[in-house]
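Look at the two complexes coming up: chain A is in both, with chain B in one and chain C in the other.
Up next, the complex of A and B:
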């Protein structure tokens, strides 16, 4: 007998599959927005693991997304296209592996960025990840084989409803499962009081790195999905504003809350779609929203008193 | 008689431990030993270096000179989490719980040292993982029951009254299954009635869990009341060691606490 959480996951995957089969009936624009929601859920939930549950402050989530997007794009559109063709398998079949490869690339970069900076306590991580996001952007702008600042075009649209929401369901499950165990409570302990956590025998650096690398991995998956949804990626699309957008989702949803962050990701994706007419002024609305939120509900919009009950399933 | 278990000084041994912060020597060649199942006190006037000694044992500071052995293995300079893994748990002078976690989770997380399943198992959640989680949940509940904290187990730790927070911090430390428990001024901020309760609690823990306790304390009544051996520090040096009766009579201790008559 599977534990309840895994049954829920399987049902979610099956539902995503069924809806996906009928997705041709959905209006193209609506479908595009909806798939974007799935991707933003992945981004917000994975960042929540770092900023919410583990209490670190990463400002570079868009950077990891970029790594995943470019790694996956390279495989299906860039130089990797030839390898896949040589393997003789349809690239659409290989899509999950492409996404996984994008996630791994982001996780690897996450380890390289996180391992040295997570040893430090305090705000260093915010500064390092802020710099990292910019560096990734500049590096990508200067690699001509990946399109430089013009970006990568002609990426096949493999991202379906199933992949977007299937990956979102897996991300939510993974974040939930990771935290819901005796070891997983260590993440929350690190967020609450690092010195006390250390005194309880928790290797706090290890916990922070696990959260950071896992978060980066799923951001990479989201990047791969994004690339194969839009068909076009450019370094400018993964800038600081994108990172902030994800941070706002986490804060709005309530740091360290699963459901709240998912709701926030949905709401903010829709909101930013509605605000599209305002162009760049969108960020003003975002900032104003953030300030208002910090003044009125610093614990997040969707937090209610929740006694985290212990459950082995 | 079995010489390995009965010999005092087997559990923890400080050998000429010295620490300097820049030009200041906070603790100067202090040696001390703790036996198994012993209740030891560490006292001294303000600024004597008690907490610094405590911080060196728990790995917060690494001694500049000297060595610390636990169960005859060196622990000098290990990180705090590694020291806890070896079997030394502590509480803090100014209570450090995980404030937003429930009372239950505060204790549950401390059991992590005894988890055999890896982090990856949290994702697969197999039969073994669930059995172990259930086991830890039961143990946590049992421990909370012993200390009458079960009725508030779902409350966030920060909402508990002061006395319960102190108790919870001790329970959390016990969940790591230490061989040595270090209590940093547990009586701080307690009224006389609470202090009596605390003394009972400390004695109870020692009997029930068969461990050694090192108590850093300001309150003489508490220390004299429950400790079998007392070490006295003054200006970073050890000036006396002995039973409470001996310490009470010890001229250096009396001088340290009350001042000395000037001889002409």
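Up next, the complex of A and C:
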């Protein structure tokens, strides 16, 4: 008999598969929004590992998403297309491996960014990740073989309901399992009081890096899914505002909460779709929301009982 | 050699502006121990006050007196905005985890940027001429009066800041507060008032920085603060967060390095250089050039 959590995961995957089989009957626009929800759930849940459970503050999640999107896009559209054709396997079959490769690329970059900045306590990670998001944009804009600032076009649409929500289910399961493991206790200890955790003999840097790299990995997967959903990616699409959107999801849902963050990801995706016509004014709402939440409900909107971790930081 | 000297002058004038902004970051970090993300948007606001003062409010610019008036106006308005931000957004969070304050600061920064786009319009605007302009030629070197003005005003403000921090009672209180907040309130210092003053002072410097920056790069838009703000923060870290001379030195170095990188073939990466420096500093000397590493006491 499998543990209950794994049964839940298998049922979710099966449900996603069944719905996916009927997805051709869903209106194209609605399907696009719904698949976007799955991707945003992955982004929010993975950022929650860093910003919520481990109490760090990353502002560069869109940057890792960009790395994953470009890595996966390169494999199916760019130079990698020839290799896959040479292998003689249908590219759609290889899609999960492509996503995985995108995740690995993002995780690797996450390690390079996180290792120096996570050695320190305090707010350095926020600035480094913010800067990293800008650097990634500049670098991508300067690589002509990836389309430069025009972006990468003609990416095949492999992202189906199954892949979007299957990956979301796996991300939620992985985050849940990780937080409830020995490693996860370490994350919580670092979030609660880094000095105390260090005094107890925990290698706090190690825990922070593990949380950060795992978060980056799933952001990379989300990026791959995004690229193969929209069919077009450009450096400008992964800007600071995108990172902030994910941060707002985590804060709205409650840092260090699984369910709240998923609800917030769904709500905010729908909300930004509704507010699309307002363009930039959407960001006024987001930023005001951020300030008001911190002043009045720092534990998030969807947190009723105070559980293991009541306050951020 | 001429090329080198030319870049040196350009770099110093850019670095002086970074130094002005970096001082605000460092001062706020000194008293409250958090990064005031909204600082770079106060800098943007300074530039826009200059724009509106000349274009809409009819302050005659182009002469020395008018230019100085606009500069003072921008500094005062920015100081007021800085104090208001602290009062409305940060003070209610006193004593809460740093993360909450940090998130609020990002929220304030975004709010200012997006309100700016809403109120001022998202399109770049041409910044008016504030001071009489001239070009000086020394050999093959070309120096604009604006560059000299930037350096002169920055030096003057740095001297004024040094005087306030080291020679006045309020400055002594600021240093006491940044040394130990509990102890300073025990000896009768009104911490809230000093924090307000620090925000006002830092924001005034950012406002001046905004005007000086717009004079040399006369195209302003509501998002213009982000990049100079980030680089100024890197400058503050490079010099040692919490150290005033460090912030000035860091600003100067970042300005110089950026200008020299832009002068070589790597100009498209000029914005990335500052962050490469930040990562190096965090790896090699997290306390910064002039900062002292402090261990946390519990």
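Just so it is clear, the second predicted complex is superposed on the first by the 303 of 313 C-alpha atoms of A that agree within 3 Å, B and C clash if a C-alpha of one lies under 4 Å from a C-alpha of the other, contacts with A are read in each partner's own complex, and residues count from 1 in each chain.
Methods note: a contact is a pair of C-beta atoms (placed from the backbone, for glycine too) under 8 Å apart; a residue touches a chain by one contact, two chains touch by 3 or more.
Keep in mind the model is a prediction, meaning the values are calculated, not measured.
In the superposition on chain A, A:195 makes contact with both chain B and chain C. Legend: residue contacts after superposition of the two complexes on their common chain; A:6 is shown touching chain B, with no touch to chain C. By the document's definition of touching, of the two partners only chain C reaches A:284; chain B does not. With both structures placed on the common chain, the touch criterion links A:251 to chain C but leaves chain B unconnected.
Of the two partner chains placed by the overlay, only chain B lies in contact with A:181; chain C stays clear of it.
Counting residues of chain A touched by each partner, chain B versus chain C, the larger count belongs to C. In the superposed model, A:204 makes contact with chain B only, not with chain C.
Within chain A, the residues touched by chain B in the first complex and by chain C in the second are 195-196, 312-313.
Chain contact summary for the complex, chain C toward chain A: residues 34-35, 89, 92-93, 96-104, 106-111, 113-115, 117-118, 122, 226-227, 230, 233-234, 237, 268-269, 271-272, 274-275, 278-279, 282-283, 286, 296, 298. On the chain A side of its complex with chain C, the touching residues are 55, 57, 59, 113, 116-117, 119-124, 126-128, 130-132, 134-135, 138-139, 141-142, 195-196, 240, 244, 247, 251, 255, 280-281, 283-284, 286-291, 294-295, 298, 311-313. Of all the residues in chain A, the ones that touch chain B in their complex are 3, 5-6, 174, 177-178, 180-186, 188-189, 191-193, 195-204, 210, 307-310, 312-313. Residues of chain B that touch chain A in their complex: 58, 79-81, 84-85, 89-90, 92, 96-102, 104-105, 108-113, 115, 117-119, 121-123, 125, 129-130, 132-134, 136-137, 140, 154-155, 172-173, 176.
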